[in-house]
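Note that chain A is present in both complexes that follow, paired respectively with chain B and with chain C.
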Partner chain A sequence: MTDLVSYAIRGVPIGCVFALMAVGVVLTYKTSGVFNLAFGAQAFVSAAVYYETRVRHDWPIWLAFLVAVVALGPAIGYVLDRALFRHLRTAPPIARLVTSLGLLVAIPQMVQIWFGNSPAYNPLGIAPDPGRIFRWGEYALDANQVATILVTLLVVAALTVLFRFSALGLRMRAVVESPRMSELTAINADRVGSSAWMMSSFLAGLSGVLLAPLFAQVEANAFFTLLVAAVAAAAFGGLSSIPLTFAGGLALGVLQQVLAGYLPSDSVVSQGLRPALPFLVLFLLLLFWPPLRGIGRAADPLAGVDPPPPAPAATVRSSGMTTMTRVLAVATVAGFVLAALFWFDAFWLLLFTKGLIFGVIFLSITVLTGMGGQVSLSQAAFAGVGAFATGQLVENFGLPVLPTMFLGALVAAVVGAVLAIPALRLDGLYLTLATLAFALMWENVLVPQTWVSSGPLGVDVPRPLVGPVDFTDDRAFLLLCLVVLALVGLLVLLVKRGTTGRYLDALRGSELAAASIGVDRTRARITTFALSAGIAGLGGGLLASQVGRATPTDYVFFLGLFWVVMVVTLGDRSVQAAITAGMSFLLVPELLSRIDLGFLPEILNPADNPAAIASILFGLGALTYAKHPEGILELQTRRSIERVNTWGAALARRRSATVDASDGPDPAVANGPGGPR
Partner chain B sequence: MTPPLLELDHVDAGYGPFRALFDVSFSVAEGRALALLGSNGAGKTTVARVASGLVAPTAGHVRLAGDDVTGVAAFRLARRGVAHAPEGRSVFATLTVEENLVLAFREGTKRGHPGVDASLASAYDLFPRLATRRGQVAGTLSGGEQRMLSLARVLVQPPRLLIVDELSLGLAPIIVSEVYATLGRIKAAGTTLLIVEQLVSHALGIADDVVLLTKGRTGYVGPADELGDLDAHFLG
Partner chain C sequence: MSLLRAEEVSKRFSGLSALDAVSLTVAPGEIVGLIGPNGAGKTTLFNCLYGVLAPDGGRITFDGRDLAGLAVHRRARLGIGRTFQRIELFAGMTVRDHLLVAERARRGDGALWKDLCNRSRPTSDERARADATLGLLGLDDVADRPVESLSLGRGRLVELGRALMIEPRLLLLDEPSSGLDHRETDEMADVLDVVRRERGTAILLVEHDVAMVRRVTSRLYVLDFGQLIADGPTAEVVADARVRQAYLGDTV
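So, the complex of A and B:
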């Protein structure tokens, strides 16, 4: 009994921090409709600044806290709101999600550049006398834990008063529902939104600083993993109730410690279950927790004020144009392949092949995000599932490699279909959260298991051998990848043109309207998600086969995030864009590593730090998604087509003017090209 | 001569690339009521949105009591006394009835504040059904009750210019008559009205002036009693 209580007490401070993070997430979700995936990144910023000032420069606690939390937290929130989220208040949910994802990718890297790569050991807490122990009978807490609990209580009390009893709280709730109607009620929606962002970002900073001492060192990854616990707590509160959210965070912290105390630390159950707890809890909540069902965001009655989104470029293209771009694309690829076969050296040959494989993987994002309008954070995990499944099946059952890759893809597809279940009855955000939980669980819980990865060295995935063709030859393997890419591309095109694609188009437009004309949302959703996971799994198998093995560090969480921001930045609506993105994924860091700006400090020099700089570039690039959801490639294509069109029209006009001056075509049609479909 | 309370001066407006209004000009003098009539899709709602600042004109000017307010944010116009009850279900569905009503008070949103109690009382007087449902979440009200609430919301603080869009839609005829009687009282108390309606008879009963809108362009602009046969305008 005493044991139980003392374990539980140890869980309270951790639970408090979970609760703080969760409340912060709920706050921005409630007030701006943004599920702030970058919340963990913001927590990391404040933790890093606190460490830098308090530990490295020995500032007094109050000053370091003032700068890192009280000043920096709200400041970041203000900037994010002013620069980004304010303009997205009436944008589709996916635009907001992608924007916060871009931040999640870019911010930690930017902090790392400033913070330096040298490890930051032994972070300090906010308690003035950290060694002091507070005792109640047989129970004890140290000063930092007590400080955490006190601060949390203070924050929760303040928030409750705000939302229950204050005018600002009421206005915040009104702005969440309809910024436009709030404005008609004389509320400055922008200002209210800003205050919400500042408050929530303050909580991010606060929880970052409170969490840091729980770890041996300050590093970004710890904060992402903790975010899952916070998201689980937020889900417990139905993404809206602050008291419930708080209770959820607390319960999770306590549960984790109690489990840790009771389960023998060397048992399989404990090693598997303990770290998996937050993920499992989140996933179960997404599946079964009634408050999450059907909340969605109440539709804004004034949504009709916004113009419809512009038509994707492909629909305003003339058919001649389409043919021309296709021919051009095929010619380019063919040119590259010929060059690769006959001219590239081994290094570039491998790189180019890898680019083709990433083209395959990125097509999975085209399917899910471009066509399905949903965001997955676990594409890297699916690729990993494909790769490890292939490896294990080949190793344990001696199956031939090539067919097994497709079997691996099937395994990934099944996992994907299971993950898609929460998204069936709930809106797209829950799918994203389920993939967040899965991706982190994959990395932290599943991959370390020997039946998945066979240990840190990973599992062999040999090159295929089909009849007389031995794909250990790099040129043969290149052709294989090309064929797979072509087949998958074709499959994606077929799906896009076929019934499922039409379904998805309808669903993207309006779920309600689509349902009323009998579009089966369940089937369309599961199909796309399983297809997408399967494609990623196939790509993962190919990738492993290229290097000969799949290792635990190949398919990490962060990589999956980077893939998504990369594809949405370049273009998620077309097969072509996915292939270009695959090439850029390898070429951009490669090119960056050749840009040697020796005058810059090492960490800012692209040549020394290509991966981080690429993350920042594409993370920030994803911020353009809201404005140009078709991606910059498609945007550029559209611009050039428009230019060619106007040029063509001008030419035609001049010609007809010389023929018959009185009867030229009228170019000034008010709702002409570029208008609504 | 005092300038009109609301003036649209050669206004073009639209949504993205789509143009909904073409060169619309009219004005409403202080204390008068103007009915904006037209078929579906003529652009009436867009005119209302331009007048309350929800949609910014792409050309032309909007003036409020002589001041140029083109492109001014909607909440600033609201603070200057422009109230707009949008068409359709326009209540905060997640707030309670009473929260919907007190939202508009800038000085304080609590009962007990001077002014708040009295205004709430008069709103509930006007729509007794709302009084019995004051603690209920607005999204669970019936359609008619929601329309009442959206009207009550703009009336709790007597506006200087009241814009009502398709007020009668979804209300029982008897309530429509009541609401129009209320509008009449508000007008008598000095509020200027811009009424967007399909139910022409009610609107014409209260309007001093009429603007006819067809495909985003103004047709007849003038006093209500010189309008003559409406059908002739629409057909011709």
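So, the complex of A and C:
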């Protein structure tokens, strides 16, 4: 009994932080409809600033706290709201999700640039005398833990007063019900939204600083992982009830510590179960927790007054131009392949091949996000499933490599379907959260198991050998990847143009109306999700085969986020955009590393820091998604078509003017097709 | 023999009784109206019939089959089509595509392998059927235009056409004339007459426009505060004193 209580007490401080994070997430979700995936990144910002000022520059606690949490937290929230989220209120949910995803990718890298790459060990907490231990009989907490509990109590009291007794709290509750309706009663919904964002970001900063001492060093990844616990707590509160959310966070923290105390620390079960707990809890809540049912159905009685975003105007391109661009595209691809085969050195050949493989993987995002309108954060995990499955099957059963890759893809597809079946009964956001939980569980729990990865060195995935063709030759392997890419591209095109694609179009247009003609939403979505996971798995197998093995660090969670951001930025609606994204994924950092701007400090110089700068570029690029959901490539294509059309029209006009002068009027030319639209 | 039969359907929203033991029937090929003041429970009843809401009590059968627990898309396949009060079209698709996708859904012919074998283009039969419906609704001239470019009146016709493509035996129309001007309302009424005559489709419609209700419906149900206060042939019900008081404001 004493043990139980002492474990439980140890869980209270961490539970408090989970609760703070969860409340922060719920606040902005309720007032602005944005599920802020970048919350963990914001926590990291404050933790880093606190570390920099407190540890590296030895500022006093109160000053460091004031700057890192009280000033910086709300300031970030204000900027994000003013610059981005305020304008997304009427945007489709997927645009809001992608925007916060872009921030999640860009912000940590920006901090890293300022913070430096040297590891930040031994973060300090906010307690003035961290060594001090508080004891009550047999129970004990250290000073930082006590400080965490006290700060949380303070926040709870403040929030209670705010929502119960203040005018702002009342307005917030009104805006939660319906922003439009509250505007009609002369409430400035935008300003209320700003306050919510500032409060939420304050909580992000606070929880970042409170969490930091739990880790050996200040590092962005730890905060994302903990965000899952917060998301689970938020789910417990049905993404709306703040008291329930709070209770959920607290309970999760306590449960984690109690489990940690009771399970034997050396058993396989407990080694797997302990880190998996938040993910499991999130999964179970998503599946069985009644308050989550029916969320997302429009509750705002005035939801319909905001017109839907206008569809991009259709551009008309003449058949001549279509033929020309097609010929040009084929010529470019063929040219690159020939160059790669006969002219590139080994380095560029490998890079080019890798680009093709990433084209395959990115097509999985075209299927899921571009066609299905769903965001998955676990594409890297599916690629990993494909790679490890291929490796294990080859190693344990001696199967031939090439067919086994497709078998690995099948395994990934099945995993994807199993993940999607329960999540799809819920709203789109929950699928994203379920994939977030799965991606982190894959990385932290499954990959370390030896039956998955065969240990830290990974598992061999040899190059295929088909009859007389040995794909250990890099040129042969390039051709293999090209063929696979072409096949997958064709498959995606066929699905897109086929019945499944039409059903998905219909579902994106209106789920209700699609159901009213008999389209089975669940079936269409599961098909899409499994197909997407399978394609990612196939790409993962190829990728592993290129380097010869699949290692645990190849398919990390963060990569999956970056991939999604990359594809939606460049365009998630077309096959060529996915292939371009695959190439850019490798070429952009490579090219950046060649831009040596010596006058910049080392950390800002692309040549020294290409990966971070690429992350920032694409992360920020994703912020354009809300405005141009068709992607940058499509946008540029449209612009150039319009430009060409304008030229054509000008040319026709000039010609008709000359004709006018000599032969009299020729209205057919002047009013002919091809004018600007 | 009635096609749709609702018996004693009830629905409560946390203490508020939205529907209180409401019963109604629709026979094959007849047009039935459902009227009532705002908040009377018309839309709630529609949603129960349609499967968006599950009733708390009572029984709904379609063609003798109990609909309890049947998902929306399954009801659609049984032959219940619907249109929406707030128009719900598939953004980015042309008018013809709206009909073709519904036709494909009716056939239940969407296996993935057919896509992969490139065998999922609309067949000539499907195209002919879509053309027939376009002709029926007078939408031929806009068939290949994206729906965003249509007026609301035309948009409602597209919704109707899409619903007709699944060959419904019963159409549920939620305020088909809302937002339309007089001329468009007249056109809609004409079209409904034609649909009933040529295809024998039974129609249950919620409607506010009394002129339209008088013109197209043969029978009428009146809801007020979740209870059925009158039903019978349209002319009689419209003349009923209680109905005039509750709904028509005694002006007609």
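Everything below uses one rule, namely that the second predicted complex is superposed on the first by the 609 of 677 C-alpha atoms of A that agree within 3 Å, B and C clash if a C-alpha of one lies under 4 Å from a C-alpha of the other, contacts with A are read in each partner's own complex, and residues count from 1 in each chain.
Going forward, contacts are C-beta pairs under 8 Å (C-beta built on N, C-alpha and C of every residue); 3 or more make two chains touch, one makes a residue touch a chain.
Remember, it's a predicted structure, so these values are computed and weren't measured experimentally.
In the superposition on chain A, contact of A:Arg502 is made with chain C only, not with chain B.
By the touch criterion defined above, A:Gly398 reaches neither chain B nor chain C. Once the two complexes are laid over each other on the shared chain, residue contacts for A:Pro290 go to neither chain B nor chain C. In the superposed model, A:Gly598 lies in contact with neither chain B nor chain C. The contact surfaces that chain B and chain C form on chain A in the two complexes overlap at residues 308, 310. Those residues of chain A whose C-beta lies close enough to touch chain C in the complex are 304, 308, 310-311, 314, 491, 494-495, 497-503, 505-506, 508-510, 512-521, 524, 527, 531.
The touching residues of chain A, when paired with chain B in their complex, are 167, 170-171, 173-174, 176-178, 180-189, 298, 301-302, 305-308, 310, 670-671, 674-676. Those residues of chain C that touch chain A in the shared complex are 50, 52, 71-74, 76-77, 81-82, 84, 86, 88-93, 97, 100-102, 104-106, 108-112, 114-116, 118, 120, 146, 148, 159, 162-163, 165-166.
By the touch rule above, chain B contacts chain A in their complex via residues 14-19, 49, 52-55, 73-75, 78-79, 83-84, 86, 88-95, 99, 102-104, 106, 108-110, 139, 153-154.
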